[in-house]
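Two complexes, one shared chain (chain A), two partners (chain B, chain C).
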Partner chain A sequence: MPARVRRRGRPSAALLLILPSIVFMAALFVWPLVSGIAQAFSGPDGPTTAYVRRMADDPYFWDATRNTALLIVVLIPLQFALAVVMALLMRERPRLAGLHFYIWVVPLAISDLAAGLVWLSIFTDRGYLNSVLDQLGLGTYSWLSFEHPGTMFLAVVIAELWRATSLVFVIVVAGLQGVPRDYDEAAEVFGATYWQRVRHVILPQLRPSLQVALILRTILALEAFAVAQALTGRNFPLLVGETYQWYYTLQNPNVATAIALVVLTLSIVAAVGYLRLMRRHPEAR
Partner chain B sequence: MTRRRLWVQLACIAITLFMGLPLYLITLAALSSRESLNQFPLSLLPTSLNGETMSTFLQSTGIVGGLINSLTIGLSTVLLSLLVGLPAGYAIARFAFRGRDPYQVGLLLTRALPIVVLSVPLGRIFLDTGLYDTTYGVTLLHTALALPTTILITSAIFLGVSREQEEAAMIFGASPFAAFARIVVPQALPGIAASAMFTFVLSWNEVLGASILTLNRRTLPAQVLATLADSPLAFRFAGGLALVVPALIFIAVARRYLLNMWGTTLR
Partner chain C sequence: MTHRFEPRMTRRSLLALGAGAAAAPLLGACGGGVSTSGADAGKGGVTLMSNQFSPVEEKQRFEKILKDRVTGEKVAFNQVETGIFAATLQTQVDAGKVQVSVVGALHGDLAQHAARLIDLDDVLGGLTDRGFAPELTALAKLGGSTTKYIPWMQASYVLAVNKKALEWLPSGADVQKLTYDQLLAWTTAGRQANGNKPIFGIPAGVKGLYHRFFQGFLLPSFTGGQITTFRSPEAVTAWTYMKQLWAQTARASTTYDNLQEPLQRGEVLIGFDHVARLVGAPADKPDDWLMVPAPSGPKGLGYMLVLAGLGIPEGAPELDKAKDVIKQLTTPQVQLDVLRQNAFFPVTNAQVPTDLPGAVALAEGAVRAQREAPHAILSLPPVGLGARDGEVGQIFKNCFKEICLDGKPVRQVLDAQAGELNKIMDELTIPCWQPDPAGANCRAA
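Let's turn to the complex of A and B:
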């Protein structure tokens, strides 16, 4: 009898413990989500697509969409390559590993606004990069001018690479800790080169970590905006930056919500897309 | 083999320079006087360090207020997310209840929700409920963002605390709450502290939601962002350093827990 009472008592204790969090998440995730969809599609006179049309008519919106997509396509592969190299270097146990590790993970806790301001000191017209170029006698260049969209984009990519590679690095390092060294050593005994071992032994075992990092990073990259804001103002618009513009400067929360829903849709598409892609090719290396 | 070691060493130094040099430069810029920032080319060596730029920044309108708001919101977010998250993390670690798996999946799914999707509708909701432009409103948003991670991290921490000791305490007459407070909490405390710091940094860094949900009670990053376009370069550099310093401290203190927090628990 006591055993049954105990078993029946336990789930309710657990429920009691998680109930506050469920209520909280419902109030702050589900409610805003539902109310956001309502806000984007209903005007003063019932359902409307006016806000969505207004969003689509704004040339900044399409620039922002293109820039956001471009940023993800260029940034993510670079970031993953760098993070994997960094993790493999750490695996070699270099001298001063602790110091290197500390410097490599510091950007984890730096916001994208701060990263933008840090790189502004380097890329701005009278900044550190031009100072060095000038002292070397190479002449200066307006990296962040709207006349040079190429270098403007480059600056945003470098700032994001600097800030957000640490997250991928930490996930990969944690994943590497779970990879037994035996396989790697066995492959070495059988004469595999370092590159062959990385490609056929280490990377396949990192797949789960890389998959998590890929989904997380793509969603976070979709949300980047302050880094571009700090470096270029509105000259390099990004989707979330446009929500901020519509909400803050143009005082139109409905259009802002419509753009936010576009970001949400892209996040879901990216997450589902990665999951399906990786499931379909389980043997892909 | 030694040649390979040399290459590894050089590559590490190159990456450390890429990661570290910008931190040095922003510190240098923020600690240079406005006068020396107007010179060109800028000196890469700390030749004329002074606190003038930093103190001008701190005396600008809204900066001290923003600092206080950021601290208030950060600490309240830590308290609230632990208050709601600890019991839930404990439940996941200790009870095999029905719906535990969907609950955990639900927590992970919230991560796919961009902050912007919550912030803009919350602006309307907070206007209706009187929470707009208050530190409470921003605290609620930040707690919502931090809560899933807090729950998952604390459940991992509680899993590491031995169940037997807790039961032994109860056999010797301790109430479940006393057993929790005197056996579990002391052992879990370092991990909980790390998770609290993680939450604080998340709140300290979050700028979009804080900008959208406030007008006069801006946090420090929201204040810096709002005045970005009209402020001189020296102000922006000082703002950059002010936002970076907590990151340096946080990573120095929490380094031991990083791999667990960002690496393993986030799977």
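Let's turn to the complex of A and C:
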């Protein structure tokens, strides 16, 4: 009898244990998702695609989509290259390593809007950069003007690079600390060059950290908006900035939700894509 | 033993005390009685919530006026953004827990809440000596038969001109009676003479009010309407003109939230904006500046009247005091204080004094000349759009973006945006506002 009770009790105990996370996920993820979909696809007269069409017809939407994609494609490889180089430098334990680490991680503590404003004071028409150029007699340039989309994009990339690379850096440093030095030393004994060791010994062992960092950074890059907002206003629209615009300024939560769903879809596609890509890799090796 | 423990205990209790003191206000804020309406007038005080005077200096100056001039009540002035204004008024009245006694906002902001405002015929009846213009008290009925708000103050948009620019004014043009063609010729000549640097600017930044230029000035002057004529052949002419004007306009305009700062810095010499966003430019050297009425087009001088009113939400606390505050805000003294300090113009017959600060006197003259022009076409900021006001404004901004910035064909852009406009207007089914003919549902023909 007691054994039977225990056996029957076991699954319910497991259920009890995961119940908090089920409730948590349902309340904070599934429910908002369902009501979000409902808000984007139902109007006063029942189901409608009017809000999605309104979104697609908006002249800012496709610019925002293109800019967001462009930002991710340009930014993330740059950030990973920089973060890995910085982490490898730290691995060589330079003098004042702690101080270097601290300085590189400072941007992590700064809010993205503040970071945007800092870079605005540099790139704006009468900002620090133009002041320096003017003093050097090179003449000034409207970096953030809508007429110069190239430099506008460059400014956003630089600001985001400064602000968000440290996140990748911290994850890579943490991952690097878990890589035993034995492999590296063994490879060195066998005469592998530094580049060969990085390529074939260190990077493969960093894969789990890189995967986490990649997913996190892509999702965060999809959410980026305050930096671009501060630097360029709506001249360089991004998807999340558009949801803010529609929700807050234009007071149309339905279209805002439709755009948010696009961001959600892209996030899920990116996360699933990375997981598959990274999983297939070890077999190929 | 005890002797040894004492300092430790003290330190610990001190820490606890410190933590408690730090947490108390936080916890207090979490408790009941949270005010969602910000500034608190305290018991028996009157809370005035408004979306006007958003620049912090304007807000502080108005608070001083309230403190100095309103007697009998303590008024807490609670300045909020338009979205928050609408949401607060709506939720407080609909939930039956009203904490705001008086609301002050533009005609269009109040129009959407007509059902949430009490009738103020009695207040207006007691203010016959103020001499409100009949067109203002008619607007204050919000389309119904009773008075829903008391006119508070008015404003408009004009051109500010640095006198340096006058040397390039085309011959035969009177700067006080410009036409749009003369403005274009002037800005073109100015640009050429100024080392190819444009001298004209519009507030096309994220928080700029440039859509009002299209809605209330350019389009009424060319088409005689705002919504109904949105895609008329005259509108095509107007936007084609705008494209030419933009070619002579400072490119940095897309970063200008107001024109007074670039004018003051000398980046541009002629600027169009709301008077309250222009008066800062001539403040230091009024003799170097002019303020002139907006140009006129083929149909006349289209200009936008910005009218703000004071209303009382249904179920507001301190009703009698609230009415008294409204009465006091329409006294000549307060009306002139607001004019002097914040450049909003009296709605009453208050005699405008001759000792106005230079910049305000300039603005006052321009606004009056604009209103009194023989061929003036009065237009209003959209009425009855409610939460969709931003979206309709955005449609005009989209036209500007696509036609002027992206260089798309005018006809194609207007047709596409008219489609979007009509989708919104068809959902709302509201009557037109001036200058469009009142009556049937408002939509682009």
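Here is the rule we use: the second predicted complex is superposed on the first by the 255 of 285 C-alpha atoms of A that agree within 3 Å, B and C clash if a C-alpha of one lies under 4 Å from a C-alpha of the other, contacts with A are read in each partner's own complex, and residues count from 1 in each chain.
The rule we apply is simple: a residue touches a chain if its C-beta (ideal position, glycine included) is under 8 Å from a C-beta of that chain, and two chains touch if they have at least 3 such contacts.
Every value quoted in this text rests on a predicted model; they were computed, and no experiment measured them.
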item: Partner chain in contact with A:Y248 - chain B first, chain C second, else both or neither; value: both
item: Touching partner for A:V179 - first (chain B), second (chain C), both, neither; value: neither
item: Which of chain B and chain C A:E147 touches, first, second, both or neither; value: second
item: First (chain B), second (chain C), both or neither touched by A:V198; value: neither
item: Chain A residues touched - chain C or chain B, whichever exceeds; value: B
item: Contacts of A:P59 with chain B and chain C, given as first, second, both or neither; value: second
item: Touching partner for A:A50 - first (chain B), second (chain C), both, neither; value: second
item: First (chain B), second (chain C), both or neither touched by A:I103; value: first
item: Touching partner for A:V157 - first (chain B), second (chain C), both, neither; value: neither
item: Contacts of A:G233 with chain B and chain C, given as first, second, both or neither; value: both
item: Contact residues common to both interfaces of chain A (with chain B and with chain C); value: 233, 248
item: Chain A - residues contacting chain B, complex; value: 10-11, 13-18, 20-22, 24-25, 28-29, 31-33, 35-36, 39, 82, 85-86, 89, 92, 94-96, 99-114, 117-122, 124, 126-128, 130-132, 134-135, 162, 166-167, 170-171, 173-175, 177, 208-209, 212, 215-216, 219, 222-223, 225-226, 229-230, 233, 240, 243-244, 247-248, 253, 256-257, 259-261, 263-264, 267-268, 271
item: Residue ranges of chain C touching chain A (in the complex, touch as defined); value: 83, 86, 205-206, 251-252, 254-255, 387-391, 394, 398, 401-402, 405-406, 416, 419-420, 423, 427
item: Contact set on chain B toward chain A in their complex; value: 5, 8-9, 11-12, 15-16, 18-20, 22-23, 25-26, 29, 38, 40-44, 83-85, 87-88, 90-92, 94-95, 97-98, 100, 103, 106-107, 110-125, 140-141, 143-144, 147-148, 151, 201, 204-208, 211-212, 221, 224-225, 228-229, 233, 236-237, 239-240, 243-244, 246-248, 250-252, 255, 258-260, 262-264, 266-267
item: In the complex with chain C, residue positions of chain A that touch it; value: 44, 50, 54, 57-60, 125, 142, 144-147, 233-235, 248-252
